[in-house]
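First chain written, first letter: the chains are A, B, C and D, and each begins at residue 1.
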Amino acid sequence: MVERAHVLIECEDAKGLVYKISKIFYDRGLNIDSNREFVDKEHKRFFMRTVISGLFEISELEDALASALPSSAKIKLIEPKEKEIIVMVTKESHALGDILIRHADGKLGAKIQCVTGNHDRLRDLVERFDIPFYHIAAEGLSREAHEEKVMERINGFSFEYIVLAKYMRILTPKFVKAYSQKVINIHHSFLPAFIGANPYKQAFERGVKIIGATAHYVTDDLDEGPIIAQDTIPVNHRLTWKDMQDAGRDVEKVVLSRALSLLFQDRVFVNGNKTVIF
Amino acid sequence: MVERAHVLIECEDAKGLVYKISKIFYDRGLNIDSNREFVDKEHKRFFMRTVISGLFEISELEDALASALPSSAKIKLIEPKEKEIIVMVTKESHALGDILIRHADGKLGAKIQCVTGNHDRLRDLVERFDIPFYHIAAEGLSREAHEEKVMERINGFSFEYIVLAKYMRILTPKFVKAYSQKVINIHHSFLPAFIGANPYKQAFERGVKIIGATAHYVTDDLDEGPIIAQDTIPVNHRLTWKDMQDAGRDVEKVVLSRALSLLFQDRVFVNGNKTVIF
Amino acid sequence: MVERAHVLIECEDAKGLVYKISKIFYDRGLNIDSNREFVDKEHKRFFMRTVISGLFEISELEDALASALPSSAKIKLIEPKEKEIIVMVTKESHALGDILIRHADGKLGAKIQCVTGNHDRLRDLVERFDIPFYHIAAEGLSREAHEEKVMERINGFSFEYIVLAKYMRILTPKFVKAYSQKVINIHHSFLPAFIGANPYKQAFERGVKIIGATAHYVTDDLDEGPIIAQDTIPVNHRLTWKDMQDAGRDVEKVVLSRALSLLFQDRVFVNGNKTVIF
Amino acid sequence: MVERAHVLIECEDAKGLVYKISKIFYDRGLNIDSNREFVDKEHKRFFMRTVISGLFEISELEDALASALPSSAKIKLIEPKEKEIIVMVTKESHALGDILIRHADGKLGAKIQCVTGNHDRLRDLVERFDIPFYHIAAEGLSREAHEEKVMERINGFSFEYIVLAKYMRILTPKFVKAYSQKVINIHHSFLPAFIGANPYKQAFERGVKIIGATAHYVTDDLDEGPIIAQDTIPVNHRLTWKDMQDAGRDVEKVVLSRALSLLFQDRVFVNGNKTVIF
């Protein structure tokens, strides 16, 4: 018996869904602590996130919901608890550092199982927090061979998400497929502007007056996965592209943290190439 | 029979509210086009806004909801249509002008019945749009006597809201009471900073790096009513207070328009001295 | 003799420029009311905007500056006064309306000579303000032939800028060349994201969490000219692309107004494909 | 002889200041790498920050500037290098953590000499970075006696700034006076709104739609010192005050970092109760 759960439901839209679902909670004397719904009218999809409390059996409730809803419905009941995550990095410390500080204070909402780096530069920072750091160099290896070594290493851990905290290598479709909807990236531009390499240099050369950052699921298409969070800050002609990069780091880490916070509270649905966020 | 309505429900929180309400819609074969709920846990208040469609009788549905809900529940079923409003101004044209342009293009979501001004300066602008303008001078009149004349004038019209589009006089409790929860003001600061006169001068003298605007319901306490919308923009040492005033006008008009748009779509609940906005 | 001028200087960077220029002002007993410089180190270009007051002859001062500076220097002395502009529109009223309201209140910093529209929809709005509106339909005409008619019409007026206030047609290189660095556009996205047609639909389909607007000079490359101002606002999964379009209109008009205000105060330098803004 | 310096000049406004100053640089063959001026017209004060390069003697240049400028002029020539700072904390880790991460990566622009806490909670975090942490408990001590102990401890170090990274005690005038214009605080609201204790609770109770943070110099008047940086984020009715506190932490740390970055680059002038920031 549990006392609290996040209920995530996704199915084809139909009349009476809210009624049928709320009836199941009501019949069991459960409280609805919060509840949000969304109907994607274009694709006739229904999304609902409910936080329930009371005293109940997860499996009994799942069965009840499953029999009341279309057979294609996706139903998840999640007990609120810390997630387990892997962090992958390259050389920059700001996004990783932000995660480590929250982690150290019990405010991340997740346990970092380990950090892997294709460079060794951030080992010292990670080890200061008594978290395992694995340097898995890519030099001299094919992309596939390198990822093989990464997968071998991280598969030794239990985890729900892989967080790319400024991991500056492109992942192969094989890797992405292996961890479908589990890999989260922070991209250093307000996508879809400046896809690809060195967005700050691109932004500088284009002479934009705002720069930004985007946290998104990683899919096969480079920088094209569902967006979770974005933000921007103003810049001006006095900034070099290095200055933009520095200024952008604050946005990057804040946007990544915001996205992780939403994910770790089970507030994000993937809807095709978009997200529904409650 | 109507085909569409905004259902606004507010009552003491209790188990089964969503179930009972959605059952009523389901039993009548109605669609829930969108639905949002909020529970104010501190005060144990439940708020719900549902957009329903189908074919139904407003009064029958109201009765059904009333008998399913606690007797103290506030239930409103509103057919989506343009509101009717009065606009009150003094001398500045930006907030009024923004409203007039939207109105002229059918995008305001409301019909302006008339504009009253304690100065005559904006008559020409209003009359260009074939809207009645009434100059009701305050000179030589007590506050009460002036408001008496305003009330006499506007009570000749049917209206749901009075929009203070930079009306620079303080209203008496009598006026506020007469139009309770109907008077909307745009205040030229991010309240509660810089309450009272000339907030831009106050902001300039305090040396702030952001200025803002606040749209709120007017209550007896000056600038203390429930806030509907706020926004800010950056400023710096190079701006005089006149420059801040100029820069602030863009925020003022955008914040007021955003608030009006929410109001005219029946998205705003007053909850004590706060708002719940869906 | 004049009492005040904006001095805009642009030249190859060199030692002593500030000294040489300020000496000329000092020798004539002129006040520097404000002064800003920028050196583009990448291209070794020097930019300076000074506001001077006193009593002086524009041509004498120009000559003095010209003999002190490299012969390739661009030197402009501008007496502060209202600019003259042409506005071109299609069907949407928000950007035009914002300009008209400021114009009517003497706050635009420019005199609108006329408005041309490839549709007739906005005639009524424009004529309410006693400004000439010319409907120049494009139906049945080649792009060149249509523009010919536009040019014929607007060349009857004196003007410094053409403001495209949601003019939804692409201009030919011939037109752009004829009014080089004089045509200002408001694009309904944070360029360079969503170049081209219907950016809101593109944004909706990409599932972005922010949308924006960009005011820029028009050059031959579609949506690629120097950017003057940009801003963004947050959006979420609940907005349809029509909702995004509505929400975006507020950003569009504010960004365009901000850009025009900078231009009309002679604060914008074009630097290659970028701008320097003081 | 040095090769680069930040020149900060502040004096009564007068004709020819830019000319006289730039002449001194020109006569010595120095480059002006960047230069910004501001005149506070209300108080007739002139502010200038110039970055010069070449080969020069600091003292010779100072003398030259001093003899060219009014005797009351404040002239500082600063060789660009890392500042030395003290950090004071209480229990919250976010602002401190952000500083530690930048420090560890050589990106803070300052060397942290030590951290003092009136609680011991953050010792572990600080010591992970091999920085001295001193717990100076306030229990049972008068405010003066506690500060005495703090001063004794920190005066053992050389430092230019004291950064209050969520130090939750009010400082006495004696302490503030001892380190005049050296103590920087991050206040968890957009001042002047919500001065004093628990601004997030105040913000929650007022029902605001934006919250913010303010980095400012500490003066005798609580939360009234010159403001260096501010920023805001949107909130809504669904956030409890604890949620607002969590959301606010990201703004707090980013605003504090932005302020520190400006300070450590010698970009901030104090002008009465305001700042001039270049």
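Everything below uses one rule, namely that a contact is a pair of C-beta atoms (placed from the backbone, for glycine too) under 8 Å apart; a residue touches a chain by one contact, two chains touch by 3 or more.
For clarity, every value in this text was computed on a predicted model and none was experimentally measured.
Chemist: Check A-D, B-D or C-D against B-C and flag the pair whose interface repeats it, over half of the contact pairs matching by residue number.
Modeler: Having compared contact pairs by residue number, the answer is A-D.
Chemist: Among the chains, which one keeps its Cα centre farthest from the Cα centre of chain D?
Modeler: B
Chemist: Which pair, A-C or A-B, has more C-beta contacts?
Modeler: A-C
Chemist: What rotation angle superposes the Cα atoms of chain C onto chain D, in degrees to the nearest 5?
Modeler: Rounded to 5 degrees, the superposing rotation is 180 degrees.
Chemist: Which whole number of Å gives the spacing of the CA centres of chain A and chain B?
Modeler: So the centre of chain A lies 37 Å away from the centre of chain B.
Chemist: What's the distance between the Cα centroids of chain A and chain C, rounded to whole Å?
Modeler: Their C-alpha centroids are separated by 41 Å.
Chemist: What positions in chain B touch 2 or more of the other chains?
Modeler: Those would be 34, 38, 238.
Chemist: So in the complex, which bits of chain C are touching chain B?
Modeler: So the residues of chain C in touch with chain B come to 34, 93-94, 97-98, 100-102, 104-105, 107, 125, 128-129, 238, 246, 250, 254, 257-258.
Chemist: Using the touch definition up top, name the residues of chain B that touch chain A in the complex.
Modeler: So the residues of chain B touching chain A come out as 15-16, 18-19, 22-23, 25-26, 29-39, 234.
Chemist: Residue numbers of chain A touching chain C in their complex, please.
Modeler: Interface residues on the chain A side: 38, 40-41, 190-194, 205-210, 212, 226-232, 236-238, 240, 271, 273-277.
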